[in-house]
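Here the structure comes first, spelled out in structure tokens, and everything after it is commentary.
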Amino acid sequence: MFGIETADEGEIRLHGRKINPRSTTEAVRLGLAYVPESRQTQGLVLTQSITRNLSLSVLNRLTNKLRLIVRKKERQLAESFISKLDIRPALADMQAGQLSGGNQQKVVIGKWLASSPKVLIIDEPTNGIDIGAKTEIHKLLRQLAESGMAIIMISSELPEILSACDRILVMRRGRMVGEFVNDGVTQVDIMNKALLGAPVSSLPEGGASA
Amino acid sequence: MRFSLYEKVLLAVFLGLFGLFALTAPNFLSETNLKSMMVQMPELGLISLGMMVVILTSGIDLSITYISSLSGIAVAWGLVQGWPVPLAIAAGACTALLCGLFNGFFIARIGVSPIVLTLGSMLLFEGLALRVTKGGSISGFPESYYVIGGSSVGPIPLPMLFFIAAAIVTSVLLNRTVWGRSAYMLGSNPTAALYSGIPVRRVLIYVYLFSALMALIAAVIMTSRYNSGKVDYGSSYLLLSVAAVVLGGTSVRGGSGTVKGTVIGVCIFQILSSALNLYGLSPHIVNVMMGGILIVVLVANYLSEHIKHALHDIGRVLTGKASASS
Amino acid sequence: MKWLNTKEGGIFLILIALSAVLAVRSPVFLTMENMIDMLKTNVVLAMMAIGMTLVIVIGGIDVSVGAMTALVSVLIGKWMVAFGYDLSVVLLMSVAGGAVLGAINGWLISKIRVHAIVVTLGTLSIYSGIAMYVTGGIWINNLPQAFIDFGRQNLFGIPMSGGTLAIPIQVLFLVLVAAATGYMLKHLRIGRMIYAVGGNPLSAERAGIRQDRVQLFVYTYMGFLSGLAAFVHTSIYRQVDPSAFTGFELQVIAAVVLGGANILGGSGSVTGTLLGVALLAVISNGLTLTHVPSFWHKVIIGLFIVTAVSFDIIQRKRRERRLAKIDVLQ
Amino acid sequence: MTFALFLAACGSNNSAGGGQDNPAETAGSANTSSSGGDSAAGDKLTIAVVPKLVGIPYFNASEAGAVKAGEELGVNVIYTGPTQADAAQQVKVIEDLISKQVDAIAVAPNDAAALTPVLKKAKDAGILVMDWDTHADRSVVELSVNQIDNQMFGEHIIDRLVEHMGDSGEYAIVTGGLSASNLNTWIDFGQSYAKEKYPNLKLVTERIPSDEKQQVAYQKTLEILKAYPDLKGIAAYSTVAPLGAAQAVQEKGLQNTVAVVGTALPTDSGPFLEDGSLDVAVLWDPAKLGYLTVYLAKELLEGRAVTDGMDVPNVGKITVASDGITVVMGPPSDFTKDNYKDFDF
């Protein structure tokens, strides 16, 4: 979906319009965002500063007429997200690698919020993060959802899914094997579908449209 | 003009050496020597700029000097056909950009590792240059062409102005444009850059085109100064340019490196080679000392960083602050 | 023949195909005499490529190999002119001298954590500068006759139609080096550590493998083989030319890469490298035998490296994509 | 930091001593027979002799001659050059010599056109500019010291080759570097001469490079011997190629079927001349050439003219062409099995 690999089959529709991003650049332009599974190797450039990580997805928007990056704009962007997401320590020039797990994840999320995406795909949002930061991130995702952003969370932590998601889709070996609306669903229901469920013939018409 | 700690150390080494050579090397400060240093430096400087941009994306371009000689031969061929100078240079530019595209295509699109690919393209470009000139040199240029390499504006030789201009342009491109920033970021972590929507392939192709362009400018200066085009012009700059770039603080692992550092690195090697020639040392000893200074600066840099960390830790212990989690 | 579809198998097939084409174009190519000549003229390249394999497998590189060989050959040349020839003494001095030069590389790379290409770049100009300065560029050509006779010996003759065909003694050195290094890489603990450090330095460190120790060993071993190569080369050409090896390191690296080793480290083998050396030898030998004018040789070898390497990457990517595909539940 | 301080420290204490024995000067280094070349201080003339590159047998031998001349004639001789046959490096060496304000520069250009601009600069700086071993551009040199006449030499080699292989049959050419201009000149003169004089002499392929390395010449010759089974002769140019070619012929035992003729030094080619694998080594005494170059430079600097038929001590009679610039040391000498022992270079 995010254009890292081109889709072999199937169809992606955003706001009813069919899209097939062939590159990550195109996906970002279409309003998609992707917080990858491994922060350290895929999400962040550890040896570069927080500022440079936060501005990475929107460099084109920080340039002046001469297409030169305006340092002031970049600094403002970084400072706004450092305060909004409460990234600690709030040192814009500190290397991303020196932050704690939770703060690193906030930087990655901040990077994508900067591009004001329509759909945020977030993979294992809180793995390897202390409990304090975990709840902060869930609160943040909840706020984003309420503000109208479609969030596709991929996680293997069932409690996290039950607490955060409105709709739950269960997949097994590349096939959808179950779908629930999250009111009163238990972990057991999900596990049953995951282990035994037969492939669902077709998804209801609504599909993944946000 | 902010200088990092490493660049300050490098500047000190440069000034120290300059002072020493001014005192002891015969005629070092003479007008002719200063002028000839300023004429000799641009060729190595331009190739080093091209090499630096490639190295900071954690790549390397072994074929850069043969792109220079091949495009120089194209310019020479154009001139000998009687074409006007700008057209001949354009022919050289096309050749250089084609070579850059060749490197860029295999490295960026197919994903071949740069050191291996440019090892092959180095042989290919050298072979093409040999095939075209059969080893000989193409000469018989119009007088006007000599102006580029030979003339000077006041005390500064024209090639030096080209080099200064190229250094400024490179610095602006690297620090202030999206392409430059993307090159640094993908140099440190190509996956994270790709996952952030950076068009990694396009950025890399432009990097190898840029390096080919620097090679072309060096080629124009060389063919003009040497009044001919030949396959082995500048072939000795390859390893020296990598050494100058690394001496200048650019990390071979990618992601860091400044134009300032590279320019100082080139200056150090230039005054070193000129002064050692003035001392009348055997050229072999010059090679030994060039290698020596590279290793010594690397060791000094390691020690200073090591000492810095040690002092840092001691400082932390003394002030009783618990060190951060990382 | 499962082996044929491994990487080395692929290279072997290319080698066979190429030899077939050349054999058709020039009847002389497949003669035993030509094979032995090729073997003799590439023994030194093969020995150094075997050493370079270890360096590349741990993710490093060594561009000072040519300079090390030159300096050692100057060392033993001067020694023999002054003190005469004694096989064990000169042999020991070659490998010891080489090992010391290699250890200097290894120590610098492992201790001051600087990338190998930079350190060996520095030592390249230091070692070759010393070799040239010490001799003033003058060749050492009055080597003791005993040494020259040693170099001329043949292992055993193969009865052939046109008189016996002799395998030069230098080939023995190559066989020993290839066998020893191959065995070490496959069966000894150091071999497994080399692959571990090359494949994933982080996990190797966590598994308790001292990365700097392994690096020191690998670069010292490279020096050791460069020293031995100096001895073998001088025994073939019976003169010491201090500038005989300038630019030699790129050929050595090309051979290892053509042999399928991954330049980023982690994979590569002695057999693969030997095939890489054979490929280079066959191409340049074949080009002359089939009367291709000399101007084209570099173009063809350059193109061959580019296509071989790209083909290897495309294949590797296709394999990765196949592995990543989930077998969709039907 | 440490490095710079160390150098500065040792530099300062010495400058007080008038800069004569500067620290970097290595005692007894072969190529500068005196300390610092600043002619202003010493009254002795300073003559710079620049070879194409340092480090190959031929130019080492000429260095010995030049340095000997310096000692005998009481002039400072600086013998320095690039470590690679690269015109760009050679221009740099000459520029530094100009800054040293030497009295004369004699250069063996890697490429005539490439050196013209810098030699013009030297001439304008009042430095006597000469070429030796290889021609530079006529417009910039006041004297051109040649060991032999290029055309005569090219033809001489072909004559020697025909003498040993007969005037018909196939032959090949092995050269040093493809971009070595004087080798190409001899080969081209030899080719045009062979076309008229020996029509049924057939060159099997274009000249084969050996990059100034014996093992490459050896490997290529082995291949040529197999690629062209009825090859009868090899002409090898550069002081390295004939040794490789002869070694190949020697090991294949083809001394009597394949004639090898080439430009090689007698000492190096001894073992090959001995058993006939190298039939004739054609060259001249590079030491004499080095000596002659320094001698003539001194003559011109002290205002004396260089005349035809002049007798130069331990060189012999030289001929000067009508243009008054081209000096030829004498006919090339052929080194064969019988006479190579009388030479020590």
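Just so it is clear, A, B, C and D label the chains in written order, and each chain counts residues from 1 on its own.
Just so we're on the same page, a contact is a pair of C-beta atoms (placed from the backbone, for glycine too) under 8 Å apart; a residue touches a chain by one contact, two chains touch by 3 or more.
In this text the structure is predicted, and so the values were computed from the model without any measurement.
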Touching chain C and also chain D, the following chains: B
Interface ranked first by C-beta contact pairs: B-D
Chain of greatest Cα-centre distance to chain C: A
Central subunit by CA centre of mass proxy: B
Separation of mean Cα positions, chain D and chain B [Å, integer]: 33
Geometric centre distance via CA averages, chain D-chain A, whole Å: 71
Cα-centroid distance, chain A relative to chain B, in whole angstrom: 41
For chain A paired with chain C, centre-to-centre distance based on mean C-alpha positions, whole Å: 49
Chain D: positions in contact with at least two other chains: 30, 54-55, 83-84, 178, 206, 209
Residues within chain A bordering two or more other chains: none
Residue numbers of chain C (touch at least two other chains): 132, 136-137, 295
Touching pairs among all chains present in the structure: A-B, A-C, B-C, B-D, C-D
Sites on chain D touched by chain C in the complex: 30, 54-57, 59-60, 63, 83-84, 178, 204-209, 211-215, 218-220, 222-224, 226-227, 229, 240, 243, 247, 267-268, 271
Touching residues (chain side chain B, partner chain A) in the complex: 172, 176-178, 181-182, 184-185, 188-189, 191-199, 255-256, 324-326
Chain D contact footprint on chain B (complex, rising order): 9, 12-13, 15-17, 19-20, 23-28, 30, 32-33, 36, 39-40, 43, 130, 133-137, 139-140, 146, 149-150, 222, 225-228, 230-237, 273-274, 276-285, 287, 293, 296-297, 300, 304
Residue ranges of chain B in contact with chain C within the complex: 60, 62, 106, 110-113, 115-117, 119-128, 130-131, 134-135, 239, 242-243, 246, 251-253, 282, 284-292, 294-295, 298-299, 302
Residue ranges of chain C touching chain D (in the complex, touch as defined): 26, 28, 31, 33-34, 37, 41, 44, 132, 136-139, 141, 233, 236-239, 241-244, 246-247, 285, 288-291, 293-295
